[in-house]
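One chain, subunit A, appears in both complexes that follow, with subunit B as partner in the first and subunit C in the second.
Moving on to the complex of A and B:
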């Protein structure tokens, strides 16, 4: 311990961070859990304990179950596409040449563009009448799609946008991980006449596996918490085919004024993400190689 | 170290207890909302009134209200009015919800007329703050939605009704003389005007984001959303809603109806653009858009026609719409009295008349017709009288705190029926009706 420092110093130093965390994160979470067992009406000024009624209500609500299912599908598809695409792009771009550096910058751009701009751009591209995507399908002799307007394709359309937006970020993180792998490992492997596939599966993948654990976990949490593209591109429609959990919570709480049900949905979301994260860490930790 | 840890833990527990504990500003007993109603936030003896407006400050209503507030303050130097644009009906509803939780409501606000079903517990009884002759002078068809029982919680401001807009130039070019009065005539007229080769359709239809147009068609068809007890959902009783949806599905199939739900842009703008650009001829829309549409259509080289909302025969019944003004109980007695004075001021013939002329919204009082500006406008555009005559057939909108939730369910099905060829009208309306009933049952008013 440095002279002048007391045993309390570390606690005092972390107190501001803890206070902010309590006010903006833990506190609201505690309130959400509390309100999920209550019937709260801010306007009428009523607040009463209702036990598990809100949970019973949402688990017998076809819309909630559909939205939960949509969120799981959206999360799975987004992660299953954006992480492998990020790895593939990173492997290709992990070279110190001008064109590769330029491409790295270009594919990272969607990550820093505002979601409103992204949503507007994709809505133009997905317009059934004049959108470029249907034009492209036509070039291959394929029939046009109604993208965001069709219950069969609306969720897929959002997945495409989410993958487009997140792949660049994943690529950048994987490139950073790839650049930390010692070149000697590959040189030794080449001396032993290892194939490129062999080097990838036995050197690259195990070495970057901690980063992949991080990416899969954060991408899953981020995908399950998606709100903006739903709000701006589909508002959950048509017929809730593209409605996701956070948008449902917002709509139930702020538009339908059912705070208790919305909070029950929020608690389900927190529990589900906790389980996904725990399972993800447990499964991937066995295979992840930490140096 | 252990002491420090205990101290930190105690701070955490206290902080959690603090954030988890909450007291409503109007906890439990709505009647006592505003624990100190006589306390006035005075600013050098000036009573301050915060007025939330649904329109942007630079819109015609925003400019009108700013000017009216200025005139009012000249007459009443002890009152300061601050008009604040809040971005639309839904935005104000969300903010009122949050302000109720936070205990920082404005003094008064424009709310969409059906939202009184939600916000009447925090509204003040205006009969205490408005003279009875002023109340009696409001148009009864418009004032009805401000009452809950015998208490007056809101008065009309920017009120509207759906009317039939049509492109007079196209209409007459098709050999038609009088606008359709019934839905059968509407369909026949649409057939006569439609021209598949030129991509022209007789009509366009937007249900509206809160099902307002659907609602009005339903009333004109002899149906209703809720029964007299306000507890039972009846819009599809006897398959009425399904029949309406099928009617328009068939028109779309015939190629005589333009549906905006095949496009991604805002449905109102899409339909209006089709009509104003001469690619569709008739549409139901808010009379509040009359001035704007007249100008746009003139710019496109057409003449705008306005006619009464079609009905299925018998006595017409047409939805009212638009915004009412409510004053909130939390305000001090002086603020509520000042807000009452402002409402009285806005109901003067000169202001009510000017606002109707400026925007096309309905004249909210009986004597507003006496205002110079409105009289001059009616002489110049006699067809606008149709709008005023329609008020006689005003039908009050659903009164339940659940309406926002319910119309979301209804609109989703309605939109699907006009965009998805596979959608079955009967199934869709039955499903919407059951879902709405479930909402009503789970959240009784």
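Moving on to the complex of A and C:
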């Protein structure tokens, strides 16, 4: 082996990835932070340092605060629903029979298709006029809802769609964790006359808890980064009732051309998400090593 | 008692998760009158397969299908060229600043791309890449997630085999293409299936990096079936279009069911959707 070639070659192998990473990832991140402290107008060609003015501006803006609050509510509700639902479905489907495997595959399907496909289907069912959901409410004697068109229910409607899409993934991961629990544990518990609830709380839950932590962090990240259904289903409306962070950045930057303010919002989002991602990444690394 | 509870649970699962999908397919064969009936019809009284023909031409299906296929396969090819050699170097070579550079490459795992899209848009518009296929694919040739999963797997391949190949006079590129890639086939295929799913379903980047229909992909075509405002929606046509846009993805899911699921369980990757990771 020629020593010169082997000393250079690793750098040549990683060069394209490093270059793309610098151009499309690290560069834009640095620029986001920079622009958040500046007043930038690409049309007029102005670009000047304004200190924390953009941050002050968004944190005194009722819309931004509302959107941040919406994102927290959306994240909390979708995690609080999709993780327990995933666990319930997993406990239920954790049997190696054909019908259970098939059901599990079907429940997982929404995770693999685009948010747009799922959103289109739910907009059909949430149609305020002839939608099947309003018909179902009627069967229980409940008044019809206007779902996406009502400020009181629009965020909840998005939560329903997100939960429907992600529960299958949670089910898949929890089933995989359940199948790693040794059967002897349950047998000896049964010999000790443990109740089913006792077995769940003392064997099942502690064993799968690392997986649950992982599901909570990843669900939180994806919930906080939600864009597709907001843009496609409600465009944040009515009256920002279903507006979430990423869509707010999109609108502020793209439609109102307030780059500085949009970037200040983006930095807030980066800080928030990178903390959660760092936790998630640490967990993921551990899983990858011990599996 | 237990059996009754189990039956109730099972019914609820089917009703919540299976019924909407069944209803979508069923509605796609209904007439315009039937799809707007109260109480809703669950099955079409007569089949209207012509809804699919209407949706096909109205959404200009071929144009968007072509763009979806192109952007997806260009991205996959790009990732193979960019990520595989990079992962090989990090897994099997020793060099200075390796740790620092690896952290740099994994940057995307920590900062999701949804937060920096505006700057990527600004960058692409400066160099005239908006509404081009290269603008829609090149940024995604690099994927922190692909590199990370490849490195994990490449590390398990014994050095002796690679050394033997080098002694036989193989260049590094040849070692990658003839020894590493074949031995790591399962993980490479899994990673590329993920890239396929992610790119095929992408709506976020298409809506950021395109302003006209030239390179837009299938999710945008479904959106175009939706009328603006609250005019009466022809749900039977929209559902037909939606089913058509879904079919390729479902086919991949059926064919690669096991690879997708085991890949997800192994890697713990959540997002097939928004972030570029």
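Descriptive notes on the structure:
Everything that follows uses one rule, which is that the second predicted complex is superposed on the first by the 245 of 291 C-alpha atoms of A that agree within 3 Å, B and C clash if a C-alpha of one lies under 4 Å from a C-alpha of the other, contacts with A are read in each partner's own complex, and residues count from 1 in each chain.
One rule holds in what follows: a residue touches a chain if its C-beta (ideal position, glycine included) is under 8 Å from a C-beta of that chain, and two chains touch if they have at least 3 such contacts.
Computed from a prediction, not measured in an experiment: that's the story for all the values here.
Within the superposed three-chain model, A:151 lies in touch with subunit B and out of touch with subunit C [touch as defined at top]. Once the two complexes are overlaid on the shared chain, A:109 sits against subunit C while remaining clear of subunit B.
When both complexes are overlaid on chain A, the residue A:27 reaches subunit B and subunit C alike. By the touch criterion defined above, A:278 lies against subunit C but remains apart from subunit B after alignment on the C-alpha atoms of chain A.
Looking at the shared chain after the overlay, A:11 reaches both subunit B and subunit C.
Look at A:174: by the touch rule set out above, it reaches neither subunit B nor subunit C.
In the superposition on chain A, contact of A:222 is made with subunit C only, not with subunit B. Judged by the touch definition given at the top, the superposed model places A:258 against subunit B, while subunit C stays out of reach.
Taking subunit B and subunit C in turn and counting the residues of subunit A each one touches, the greater count comes from C.
When both complexes are overlaid on chain A, the residue A:230 reaches neither subunit B nor subunit C.
Touching of subunit A by both subunit B and subunit C, each in its own complex, is seen for residues 7, 11, 18, 23, 26-28, 31, 42, 123, 127, 129, 149, 254.
Interface residues of subunit A, counted against subunit B in their complex, comprise 7-8, 11, 15, 18-19, 22-23, 26-28, 30-31, 34, 42-47, 57, 63, 123, 126-129, 146, 148-151, 237-240, 251, 254-258. Taken in their complex, subunit C has these residues touching subunit A: 6, 9-10, 13-14, 16-18, 20-21, 23-24, 27, 35-40, 81-83, 85-86, 88-90, 93-95, 98, 101, 104-105, 107-123, 138-139, 141-142, 144, 147, 152, 166, 172, 197, 200-204, 207-208, 219, 222-223, 226, 230, 233, 235, 238-239, 242, 245-246, 249-250, 253, 257, 260-261, 264-268, 270-275.
Of all the residues in subunit A, the ones that touch subunit C in their complex are 1, 7, 9-11, 13-14, 16-18, 20-21, 23-29, 31-32, 35, 42, 88-89, 92-93, 103, 105-117, 120-125, 127, 129-130, 132, 135, 149, 164, 167-169, 172-173, 176, 214, 218-219, 221-222, 225-228, 231-232, 246, 249-250, 253-254, 259, 262-263, 266, 269-270, 273-274, 277-278, 281, 283-284, 287-288, 291. Interface residues of subunit B, counted against subunit A in their complex, comprise 1, 4-5, 7-8, 11-12, 15-16, 18-20, 22, 24-30, 33, 90, 93-94, 96-98, 100-101, 118-119, 121-122, 261-264, 401-402, 404-405, 408, 412-413, 415-416, 419-420, 435, 442-443.
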